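Chains here go by letter, A, B, C and D, matching the order in which they are written, and residues are numbered from 1 within each.
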Amino acid sequence: MLDLIVKENKQLNNQYFLLILGSPDELPEMYPGQFVEVRVDNSPETFLRRPISINFVDYKRNELWLLIQIIGEGTRKLSTCKQGDLLNLLLPLGNSYTIPTNEDSKLLLVGGGVGIAPLLYLGSKLKEKGIICDFLLGGRSKYNLLQLEEFSNFGNVFTTTEDGTYGEKGFVTNHSILTNKKYDLIYSCGPTPMMKAVAAYAKSKNTECEVSLENTMACGFGACLCCVTDSVDGHVCVCTEGPVFNTSKLKW
Amino acid sequence: MVDLKVKLGQVELKNPVMTASGTFGYGTEYQDFIDLSRIGGIVVKGTTLRSRQGNAYPRMAETPLGMLNAVGLQNKGVDYFVNNIYPTIKDFETAIFVNVSGSTIDDYIITAEMLNDLDRIPGIELNISCPNVKEGGMAFGTSCLSASQVVREVRKVYKKEIMVKLSPNVTDIAEIALAVEAEGADSISLINTILGMAINAEKRIPVLSTITGGLSGPAVKPVALRMVWQVANAVKVPVIGMGGIMNATDAIEFLLAGASAIQIGTANFIDPTVSIKVLEGIEDYLKRHNFSSVNDIIGALEV
Amino acid sequence: MVDLKVKLGQVELKNPVMTASGTFGYGTEYQDFIDLSRIGGIVVKGTTLRSRQGNAYPRMAETPLGMLNAVGLQNKGVDYFVNNIYPTIKDFETAIFVNVSGSTIDDYIITAEMLNDLDRIPGIELNISCPNVKEGGMAFGTSCLSASQVVREVRKVYKKEIMVKLSPNVTDIAEIALAVEAEGADSISLINTILGMAINAEKRIPVLSTITGGLSGPAVKPVALRMVWQVANAVKVPVIGMGGIMNATDAIEFLLAGASAIQIGTANFIDPTVSIKVLEGIEDYLKRHNFSSVNDIIGALEV
Amino acid sequence: MLDLIVKENKQLNNQYFLLILGSPDELPEMYPGQFVEVRVDNSPETFLRRPISINFVDYKRNELWLLIQIIGEGTRKLSTCKQGDLLNLLLPLGNSYTIPTNEDSKLLLVGGGVGIAPLLYLGSKLKEKGIICDFLLGGRSKYNLLQLEEFSNFGNVFTTTEDGTYGEKGFVTNHSILTNKKYDLIYSCGPTPMMKAVAAYAKSKNTECEVSLENTMACGFGACLCCVTDSVDGHVCVCTEGPVFNTSKLKW
């Protein structure tokens, strides 16, 4: 549990904002796919913490980035954070995406909406390993595609929008890249229907696929057993055995 | 130095701060956050005779200063506990109680029996109040007759401390408390969760897969406090109070109402270090008010 | 235009938004804040046969997202109501129900009889659930036997709508609901307050002069919703839901759970215009979801 | 019910602060002794509104002053108000102090601690009527004596502190002025023991006395019946039949 300082709150548009949190002390090591549990203060409607993915970590500047979509009272309250405010976090929580040891791995990272959040950090870690991945990012419209510039620092960016306002028109699973290229591993994070479609695609190509689930959580560290998903091993906690799952483990 | 030791029937705790079943895992989940040896006691997860998968997701709903859960006693069964979990937790320097649940009286009896010989388990908490299981559970705790029966049968086979955990979903909780006391309960803990419900108005569906679930957190504190007061005034055995404790002041209110110890549940999710803060806060309070022992404030409400 | 009219037994309300007894005075207290003719109905203060001073101060304690009250039915008696208050409120263009309480069954009978002839009072709300009086009150509502008895006797003398208000302080509220329905209740309202307690830890005294009091506000909403759901699924008469409603979403949850109308209590204290906001919010919801009548969402929860 | 804008939040010392609230519209007429009910937003611990006396009204500038002592969470939260914040208020509530018609009335206004709040506005209204009153203000120590300069604009100021750090040492009822002067009416607001002592003094001198009670309230406008005090007429609501009571009506 630690308090981080809000260094900047960038309103990306009226639905999304990016919190850049700083720490005077060294940040603990965090892996891509892990998340934090944020306490939302001064909000009578928000009793429990809110789980948010680690969007990016800059160890040199001791910065942690959280990319957040305004959904309800908790995220709305967080969107009003001001520079200098303190945020209380539990971190890092959960498991992480698998980083392949083989530098020649062909990797696809598929994100939808705010689900792109953990993929930025994953892409950066892959690049550190010498792997340049493909990002396939989708959104309802141009408005829902975020951090494209940041993504392009770490890999090749492909995009779709449902309304065709940016990139290819349609769902991520309709993107031409999927017919043209073959991958060793596909990572995905986003709305469940999207992840299921990606998983189905991967299965059809006999490709391994890792998805990140967003079940509602009360604790985030394995104590409440509220966040379970049905797996081949029965009910397992998304917060400790996940949030990242190889789709072969899920009953999808 | 103030004396924080309290006695719960046969068992002495180093201090009155315990953690509540189903909210503290097996303690291990909290080892990164706090020094477990500082707290008075841990009640581990609800344990049943056979392994249970619990209820379907979603099992949780946030409510005004509270939450509903419908976990439904997910656990790997008492065998697994004895053979795989007990060895990993038995050296925690705190009193560990096992919360025991069952669908039938036989379930309770066999499970309790299997825990008899675990050296480092000074007692069990008999959960006759879980609202999240179809059979048994809460039903046992909502009538004097069935509550008495469970305690009577378990008392025959279990030698150590039996703490009986009561359901708040009853008309007269003191009556149930008296009934289980008469059957040999060493202490009585309360409250378990209050049966509640949450609805997603936009989707017109219940939030929980089970429709209803158990309410916990600050929202229930006034009800819990009232019930602890009623029970503590009715029975002679020690009472362990819980329900919505978030800080030391809340805990002190329960002690004043007559609880010899308290359990912290939901608050652990929001602040995994809360038990230590509550402990320190109680100590501060005792010093500030010049009490030499926590026993001086147990039941000390002036009415 | 969406149709907001709902039917409560013999009475039709222009919309399902009512205000709860003991929280809305006689309506007059809110005239400066809202147009009373817009709301569906008002349940006026608890009225008893004889004038009552109520309990000693302090009668109120703030709790986590809720409050405890121990007013204890302070009122000037039914005579005074009939002669002095009724004339000042009878022209309000909304359905006015009188909340009737008693210490004995005779109290209930005589009080109800005296209200029979008031033209502009379409019904009474029979309060068998007040936790804040020593005799009678809640006791009547906590057993099927006594609840049935009150309703049976009042039914004999009172000709118009009898809405029976249930206590949540029971093991099985559906059972009580069925019992009062069988005796001729035209509708059933719930929940009254949940018995709770607050303690001043610094002073080591109870906050309320009566030690315990009735809990209301958002904290109780999950419990109220569950009970409304249970009762609506058990009985055939209309159900009026309340407990912690603060906004339109809360109100819609109660309608979905099966309530034909809702009452707003404690929320009026924080926002005296809340009833109008809830009404407008329900209308918006119905439009947004393309329902032509509020009746389309009553009991429409998909389970 | 209306929203006022925080024009200034003056921290008087670490226990007391003065909120100066402004309105673009004309403020309704308010009488001395009346109070407002403030909604405390963003405070999970504060469910009900908080009653606060009207400390002063400046109709020319459309300003309402609230003088507040930090007691618990609600008042602590209010103490963090910033310029430009909106405060939601019910106002004006309750009855008021009696303003004598006779301009020669000899009036004493006795306040203790933050209980001096309504007396400033009362003093200003009396001065408008041409009556210059005596203020007798007491506190535990110098620290608890507030707004002395403002009070001196409207009348003669006498003070006591229990520790003798300012004015005469002792309680207000020990002040020499009480032995030296005779009043037609005494007004008082402050801690109940102080008001009771003042009432006893007034009774001993056969002087009328009005006190302002501070019972805990749930609504503030007569709807809940929680705020009662015992009077010669039985239980009466402090929020509507008070907060100001002639002590002859109370069972003191």
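The rule we apply is simple: a residue touches a chain if its C-beta (ideal position, glycine included) is under 8 Å from a C-beta of that chain, and two chains touch if they have at least 3 such contacts.
Note that this is a predicted model, so its numbers are computed, not measured.
Student: Let me have the rounded angstrom distance from the C-alpha centre of chain B over to the C-alpha centre of chain D, please.
Tutor: 47
Student: Taking each chain's centre as its mean C-alpha position, how far apart are chain B and chain C in Å?
Tutor: Centre separation, chain B to chain C: 34 Å.
Student: Report the inter-centroid distance (CA atoms only) between chain A and chain D in whole Å.
Tutor: For chain A versus chain D, the centre distance works out to 55 Å.
Student: Indicate the residues of chain D shared as contacts by at least two other chains.
Tutor: Residues 44, 47.
Student: Got the chain C residues that touch at least 2 other chains?
Tutor: Those would be 63-66, 218.
Student: When you draw the chains as points and link the ones that touch, which shape shows up: line, ring, star, complete, or other?
Tutor: ring
Student: Please give all chain pairs that are in touch with each other.
Tutor: Final set of chain pairs in contact is A-B, A-D, B-C, C-D.
Student: Could you list, by residue number, the parts of chain A that touch chain D in their complex?
Tutor: Against chain D, the touching part of chain A is residues 42-44, 47.
Student: Can you name the residues of chain C that touch chain B in the complex?
Tutor: Residue list for chain C touching chain B: 61, 63-66, 68, 142-143, 169-171, 194-199, 201, 204-206, 211-212, 215, 218-223, 225-226, 229, 244, 249, 252-253, 256-257, 285, 297, 300-303.
Student: For the complex, give me every residue of chain B touching chain A.
Tutor: Touching chain A from chain B are residues 22-25, 29-30, 33, 45, 53-54, 56-60, 62-67, 69, 71, 74, 217-218, 266, 268-273.
Student: Touching chain C in the complex: which residues of chain D?
Tutor: Of all residues in chain D, those touching chain C are 1, 39, 44-49, 90, 215-230, 234-235.
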